[in-house]
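Input: structures, listed below.
After this come two complexes, each holding chain A, first together with chain B and then together with chain C.
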Partner chain A sequence: MASMLDIIGATIIAGMVMLIIFGVTANLNQTLYTSTLSLNVQTSAVSLARTLEHDFYKIGYNVNKTTDTSITYADTNQIRFKADLSNTGTTLNRVVYRSANLITSTRNPRDRVFVRRQDNSQINAEIGVTNFNLTYYDVNGSRISTPITHKDSLAKIKSIKVKLFIESSEPVLKTDNPQDTLNSYIGVHWEKLIYPRNL
Partner chain B sequence: MGTGQMMLIILALALLATLTLSINTTIISKYEMIYEAEATIDAISIGQAMLDEALTKDFDEKTIGIKITNPADLTNYPLGRDANDVWLPAIDSLNIPGTYGYNAALPVKTKFSSIGLDDFDDYNRYRRVVYTPRMGRFFVQDTVFYVQEINPDSPSSSRTFQKKMIVKVWHQNMQNPLVVSDLSIYRRYF
Partner chain C sequence: MGKVTIIMVIGLSIAFGIISWSLNSSSSAAVDATTGYVKYSTARNIARSAINLKLRSIDDNKPVAQTLSGNMMGGTYRVDSIFASNDSIGFRSTATYSDTVYRIRTMMLRTPKPFPNISGAVGIRVDSINFDMQGNSTRIDGRDHDINGNLISPTVAANNKPGVEVMGPVDRANVGSDSLKIIGSPRVNLNPNMDNPATFVQEYINSADVTVGPGNYNNTTWGSVNNPVIVYANAGVSGEVKINGNLTGYGVLVATGKLTVTGNMTWYGLVIPYSTTILDFSTLTGSSKIVGAILMGGANNSTFQMKGSADVLYSKAALDKAKMIGKLLYYRVLSWYEDYK
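Right, the complex of A and B next:
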């Protein structure tokens, strides 16, 4: 009888130990997975932010304001502008930033292709951009309604608020509600109010 | 099962529990690092935007529309907002219905509180609370002072043609505030 109790007790303790080990292993894997995807998302956000800042600060550089307009089209998800990005003094680059179609090859239902076009060269970035939003302000800090197409209205733009939301391509986070798949992606939000010096 | 064996099992379980706790602590630290990194990314952009905003303003109240050549003609200490400038308390993020990130729980705000500040040193002791949809509230505080022209890292007790702004940005996920700074130099306005 005593040896039977020993066996049952040992089995229970072994089961508890195994459960603890499984739990810890699962937590470690989850953390590793989350941190890796988080690092990827944050790296993408910083890279994209640096590219945006590089170009947006140069909007209107070497553009003749009396005969030409620096920004040619401005909407909430798209901007087209001119700038001498390479400081040639003669050649103006035409740049377009916009978010395009949904990406179907990932499990994230919201990520879109992010497009940067410079003259005839276009880059379609599939880095998990789920929201690319632009807001335009005049010299008084008042918001200008979009889309802005008229030359006079475009000339009023003095600052641009850029908002980016980048999410992981695969779900990673546990949510309270298993049906809630939209909040299970890890993401990074970046926003900046940019004052292009040449506007 | 003898008492000795029982003691060994209890000791083994205690060791296992200690190991598990330390692993969980490591996991929590990892998550803290992730959130701190995310907050830092936002804090950098908020701090830089504040610098950019201040640098679009005039160098000094006394140089608006006028050129001066003697630094003694500039605004003296204490620097800060002028009598006609208006600051608004509470959250200072733009919050406009119909735009991305609009939060109905916060008051509608179409202009920054700094809209009335017309020169660089008005931002001394200026505070702003910036709200971002994902990370919540960031607290921003500016400090502006004159610096020595031969050594812009050293504050100057007298007026010079160079002013320095230091922007501190706090967030609850950050262990230390983020600090960014830039110089405003009068000759850039000529």
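Right, the complex of A and C next:
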């Protein structure tokens, strides 16, 4: 009888230990998953910010202002400009930044394709950009209403505020909300007012 | 049973170790991504600030071509001059922060701030001026001279100015009594619209490189041909700034109150005797020479007196140099290129 009690007791304790181990493992996996998504989002945000800064600070470089226009189109989700990105002194690059269609292959309902086109080379980045917003200001810091298409208005642009929101492609919190609320995703917000010195 | 337990413990340890390592790795990678951006941003800020420091050093009369380097914000910077002309300059700024190097290459247009329009060798914006040229050797010459005071030959008529300009006909008649010692076309000109030195004086005083009070000054050189300066001679209400020996200056000389020259002063640029009260500007003895121009402003009955063998020689070249005093310039970016590695 005593040995029976020992066996039952040991089984119960072993079961509890196993449950604890499974729980810890599950939590660790969840943390690892969240951490990985966070890393991806942060890395994407930093890379994109550096690329944007690299290009935006060169807007208008080596553009002849008397015969040409540095920015050719400006809207809240798109900008087209010219710059000698490689400092060749002879070749002007035509660059486009814009956010395009929603990505359907991820569970995030808001992420969009982020497009960077330089001359004939286009990159469609699916890195979780959910908001790419541009605001344009003149020399007095007054906002210029968009879209800006006329060359006189385009020539007034002296600074650009860039807002960028990047989210993870998959949710990190398991909610019952079928709409996948904002809280379900890890996000990074980056915002900067850029003064391209060549404008 | 014992072996199974040991195997399970080792297995669990390895599993937890792998999970822990993965967590630490992703955490480190996230930190690296963030610090990489911080390094890049800091290097960029250093490179930009270094250009501001370079412009500031030009304000302080350091040579444009001189390389500027130092430490800032935990990194290092170096600014090299890559181009310099009268109206534009170019720099290459290189900043290093940790393992990130950031470079900026820029060209800037430099423009003098508003400078008095000089339309005569001597402009007198004073009513009822006590104008007196004594001595047979005194001379005011409105013809254009080079930066050393040599008459440009052959002379270009369009560059020559009147000898003396005054505000009203009474003063023109008064100054005209010394017209034989004045050269220009005409010798004495009526110009009621001449620039008022009051518009410019306060900025010059605020930006002065050298300020001197009442006293005697000699054996001194202020500025140089390539680094003209602003000198403010403040004699006060009843004092006197007296130059009684050899003195050479380049740039703009602003004198408020009594300025007397009894020695051999040579000034290349613009001399502005200015006061809201009666002003005495006198060259008494010696061989003083002003290559550039004089623009005088003061209360009625101020005095302009030349004795000895004093010369005022109009020089566009000397005035153009005076305009380019570092503190009187502002800059506009012509091109700006940034890159990093």
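The rule is short, and it goes like this: the second predicted complex is superposed on the first by the 164 of 199 C-alpha atoms of A that agree within 3 Å, B and C clash if a C-alpha of one lies under 4 Å from a C-alpha of the other, contacts with A are read in each partner's own complex, and residues count from 1 in each chain.
The criterion applied here is as follows: a residue touches a chain if its C-beta (ideal position, glycine included) is under 8 Å from a C-beta of that chain, and two chains touch if they have at least 3 such contacts.
Note that the coordinates shown come from a computational prediction; the quantities given were computed from them, not determined experimentally.
J.: With the two complexes superposed on chain A, say which partner A:Gly9 touches: chain B (first), chain C (second), both, or neither.
T.: Touch partner of A:Gly9: chain B, not chain C.
J.: Pick one for A:Tyr61: touches chain B only (first), chain C only (second), both, or neither.
T.: In the superposed model, A:Tyr61 contacts chain C only, not chain B.
J.: Thinking of the overlay built on chain A, is A:Lys156 touched by chain B (first), by chain C (second), by both, or by neither?
T.: Neither partner.
J.: Tell me which partner touches more residues of chain A in the superposed arrangement, chain B or chain C.
T.: Per-residue touch count on chain A favours B.
J.: For A:Gln42, is the partner it touches chain B (first), chain C (second), both, or none of the two (neither)?
T.: both
J.: Who does A:Arg110 touch here: chain B (first), chain C (second), both, or neither?
T.: A:Arg110: touches no partner chain.
J.: Would you sort A:Val188 into first (chain B), second (chain C), both or neither based on which partner it touches?
T.: After superposing on A, A:Val188 lies in contact with chain B but is clear of chain C.
J.: Taking the superposition on A as described, I'd like to know which of chain B and chain C A:Leu28 touches: first, second, both or neither.
T.: both
J.: Determine, under the contact definition given at the top, whether A:Arg50 touches first (chain B), second (chain C), both, or neither.
T.: Only chain C is touched by A:Arg50; chain B is not.
J.: Quick check on the output: what are the common chain A residues between the chain B footprint and the chain C footprint?
T.: Touching chain B and chain C on chain A: residues 28, 31, 35, 38, 42, 46, 49.
J.: Inside the complex, what are the residues of chain A that reach chain C?
T.: Chain A residues touching chain C: 21, 25, 28-29, 31-32, 35-36, 38-39, 42-43, 46, 49-50, 54, 57-58, 61-62, 84, 87, 197-198.
J.: Which of the residues in chain C come into contact with chain A in the complex?
T.: 12, 15-16, 19, 22-23, 26-27, 29-30, 33-34, 36-37, 40, 105-106, 333, 335-340
J.: Considering the complex alone, what residue numbers of chain B touch chain A?
T.: Residues 1, 9, 13, 16-17, 20, 23-24, 27, 30-31, 34, 37-38, 41-42, 45-46, 48-49, 52-53, 55-56, 94, 96, 99-101, 110-112, 115, 132-135 of chain B touch chain A in their complex.
J.: In their shared complex, at which residues does chain A touch chain B?
T.: Where chain A meets chain B, its residues are 2, 5-6, 9, 13, 16-17, 20, 23-24, 27-28, 31, 34-35, 38, 42, 45-46, 49, 76, 131, 133, 135, 140-143, 158-159, 161, 163, 165, 187-195.
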